[in-house]
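Structures are listed in the sections that come next.
Next come two complexes built around chain A: one with chain B, the other with chain C.
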Partner chain A sequence: MRTIEQTTGEILDLAAQHFKVPRASLSPQDDFFKKLGIDSLQALEMLTRLENHFGIELPDYEMQGVSDFRTLASRIQARL
Partner chain B sequence: MLDLEKCDSLGAALRDALKRWPEEVCLIEADRDREKARLTYRQFGEAAHPLAAALQARGFGAGDRAAIIMTNQSKWLISAYAVFHSGGVLVPLDYKLTPTEQLALLAHSRASVLITEYPIWRALMQTEGFVKRRVHIELVTEAPAGADLGGAMRWEDFRAEREPAFVPRKRSDWACIVYSSGTGGRPKGCVMTHENYLEQCQSLTRLYPFWPGVRYLSILPTNHAIDFMVGFVGPFVCGAAVVHLRTLRPEYVREAFKRYKITYMALVPLVLKNLQRGLQARFDALPKGKRAVLNALVSTNRALTWRRPKRWVSRRLLGAVHKEFGGELRALFVGGAFTEPATLQFFYDLGIAVANGYGLTEAGTAVTLNDFKPFRPDTVGRPLPGMEVRITNPGDDGIGEVTVRSRTVMSQYLDDPELTAETIVDGWLMTGDLGRVDKSGHLQLFGRKKNMIVTAEGKNIYPEDIEAVFEGLPVKEFCVFAANYIWPERKMVGEQLVMVLQPETNRAVDEALRTEMTIRNQNLLNYKRISGYVVWERDFPRTASMKIKRVELAEQLRSALDRQSVKAI
Partner chain C sequence: MNSFKGKSLSWDVREGVVEVELHRAPCNEIGTKMLADLEEFAKALETFSREASAVILHSTRPAGFCAGADLRELYQSAAPLEIAARVAGVREFLHRIHAVLNTLDDSPLTTIAAVQGVCFGGGFELALACDLIVADKMARFCFPELRLGLIPGFGGIPRLKRDLGNAIVRDLLLTGRSINAQKAAGVGLVSQVAGEGEALRVARATAAQVTKFDRGTSAAAKRFAKPIPHDELRREIDLFCELFTRPAVMEGLKKFVESTDALPYLP
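Coming up: the complex of A and B.
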């Protein structure tokens, strides 16, 4: 079982890879819309990548109102 | 198509559709790549009638209001039909609003019924003020076994076996109350009559017809005026089918085109842009030779279709691209916000017709729509049949406020005669948008007169609605504006919200204040956030009742500061 820190770290790794930004530039409290310059659909695309990575399914509504990596990690952690 | 002239209400039109095409498929519901439901018109009626009967047995009847807060799915339409069949007034609320906003609008609408989904209901139950805003009948769909519903009933169990009465309504009776804004401030509940919808439906289907076999892909929220019309009323009165996709994930949207051989789809510029980006990435990945062939085919298609679209020519030339869209696509409708002409041109060059339109909830959805006679990416098309568009107080350049007169224009704002009188003047709807009608009758838009922004997702954001989040900020006073309202620009992209603040006496805007603004800003949904702030050291002009005189304040700001004064947060 992953810890929340591990889950958060893996999310940051994947986001950095997917949007081609330096991993070191991302931190858990970042607003990913602002930091990555993405829109809500691109955030959903990232979510699909994360689902595949963690082997879970996260309904779209779970992303409602979520804009930072830390909260996203807690939503994913709850389904692991 | 049904003869809507003979129908007095949406309920009557939908009832007639169920009788006319019993064995045609009307609804397909898919979640990602899994099909969850497929209903014929007969089965749709069999699902809706017991619900209508149960509502009626609990006293729901003519003129009573029922709110729906649901994502796009078959139960949305089934519930709506049950409400119309019972003579009720539908209040479609946005499932993307926060629970607090939903409860506020629910209370404002005075709905006696709420129909919602389990995750939304769970969030509502945990919200402050929930208990005092409970309504007479609360129905929750898809609740897990054993879930605590706090006294609400399961939608699936709420059925009565007797045949429900059909409650007739007049054309002038209310059909829906649709909120165009006002989640945090003054609610704008547009009261739409049955006539508004029946007229709009006739007008739209004249331009873009539906028939049995046509499939409309519904991804815009059904509470949105566009999807309610082209993803429910329009297809149903023509015997067509609606495909609900319960996710907005771009990869599943693309897949749905192929799987369900979609004919039409309405979307907002954000989704269109995403489709463009996906296609462009695939084109860019082609080997050099194939890319050259594609470019040549696109050029040929452009040359052959410059006067008007020729679907068969484009499908022949660019078959691989059209296959990605299922091969049956006739048009994509885009509206709700400004679409860049380059994006429209990108699709047109591929032979994919994207009908750009302009409308607002108050006008009964669409006012203008591109008819491709010829293709004009620089405009939002010509007025739909039955729509009169006039430019009031035009300047030397012909640009003025767009005003609209039509049988589709709402009857009023709910419980707000003052705002109604300001908005509908001598029968003309003042849209607050700036535009010009060219010689060929096409409308071009140039910005806004009103203090609001529209996002690429088609969301109307009124500054007053987001100010509540900043209440208690340690400043003397503050106010939020659309930047374009203070410093008008003749453009409709990149609109931003800015805060004007007067610091406390002897306190500068320091790091602590900026941090607090940022934290509060993050409590807003990302598309509602302010982009920056300006410091204003003078007292805000106020009315006798201490309300900020926004027009006057904007004038003062305009004369003293420019856009460069805005500091980003």
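Coming up: the complex of A and C.
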């Protein structure tokens, strides 16, 4: 079982890789919409990559209002 | 017509397979232009059975297969009208798109949707009219219509009910959530999951297999396995038009058109 820190770290790794930003520039409290400048399609893509990576289902409505990596990690952790 | 190049789609017939490419920006939204090209395709489809065994529908738009009905066009054309004229316009559009999708559903050829990225609303309904759905692992399927105070109007519920169990039909319909390709395969919606960017290649391999069989036998098997739910399809149009008279629909469309949300298809 992953810890919340491990889950957060994996999300940050995925985001850095996918959006081609330095991993060191991302931190758990960042607002990923602002930090990564993502639009609705990219948000969906990120959701799919997270589901595929963690092998979970994450309904879109659980993502609503979530904008920082740490909260996102807690939503994912609840489904692992 | 062995090949066609329209503003929204084009097709070619090669080695017994009709490849239909959807290419309307931004993501193949189905409005009047796409509908006109789809009608051309439906007309031609009836002549393909002499030279082809399979059809592949795919998109060259990076965002996905099809984002559904053109809601901006719908809002802009309906907003200035009185309710009766709005409903009449919508009903005519629905009859035309249903005719296209029924022709596709009923075609003696084996039809394959090669799906990547977004496959929402009317786009999902287009894929559901095909016999097989091959999905890239980044594909997502969704019926977001309830957020607009509507139901899917291009045959979505009757075809979902025909193909899938009630639990997933209600889940997709009543929550409006999107599901990924793996989940879609698990519930029987998608027949094969391809790697990222590989849906068309997998669809071509599947089509090549289909062409090995006697066309008449394949058509008979399809007719037996895939009855078209005509009564429910007609009722769907009536229900959609009834719901379309409600003020909440125009408010929902306006909100969608003006939205800058990250996930605008959700309530």
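Points worth noting:
Here, the second predicted complex is superposed on the first by the 80 of 80 C-alpha atoms of A that agree within 3 Å, B and C clash if a C-alpha of one lies under 4 Å from a C-alpha of the other, contacts with A are read in each partner's own complex, and residues count from 1 in each chain.
Assume a residue touches a chain if its C-beta (ideal position, glycine included) is under 8 Å from a C-beta of that chain, and two chains touch if they have at least 3 such contacts.
Because the structure is a prediction, the values reported are computed rather than measured.
Applying the stated contact rule after C-alpha superposition, one finds that A:A16 touches neither chain B nor chain C. When the shared chain is aligned, chain B and chain C each come close enough to touch A:D39. In the superposed pair of complexes, A:D31 makes contact with chain B only, with no contact to chain C. Judged by the touch definition given at the top, the superposed model places A:N52 against chain C, while chain B stays out of reach. Applying the stated contact rule after C-alpha superposition, one finds that A:I4 touches neither chain B nor chain C. In the superposition on chain A, A:Y61 makes contact with both chain B and chain C.
Residue overlap on chain A between its contacts with chain B in one complex and with chain C in the other: 33, 39-41, 44-45, 47-48, 59-61, 64. Residues 31, 33-34, 39-42, 44-45, 47-48, 59-61, 64-65, 67-68 of chain A touch chain B in their complex. On chain B, the positions that touch chain A within their shared complex are 71, 95-96, 98, 119-120, 246-251, 270-271, 274, 456-457, 522, 525-527. Residues of chain A that touch chain C in their complex: 33, 38-41, 43-45, 47-49, 51-52, 57, 59-61, 63-64. Interface residues of chain C, counted against chain A in their complex, comprise 63-64, 117-118, 137-138, 140, 142, 175, 177-180, 182-183, 261-266.
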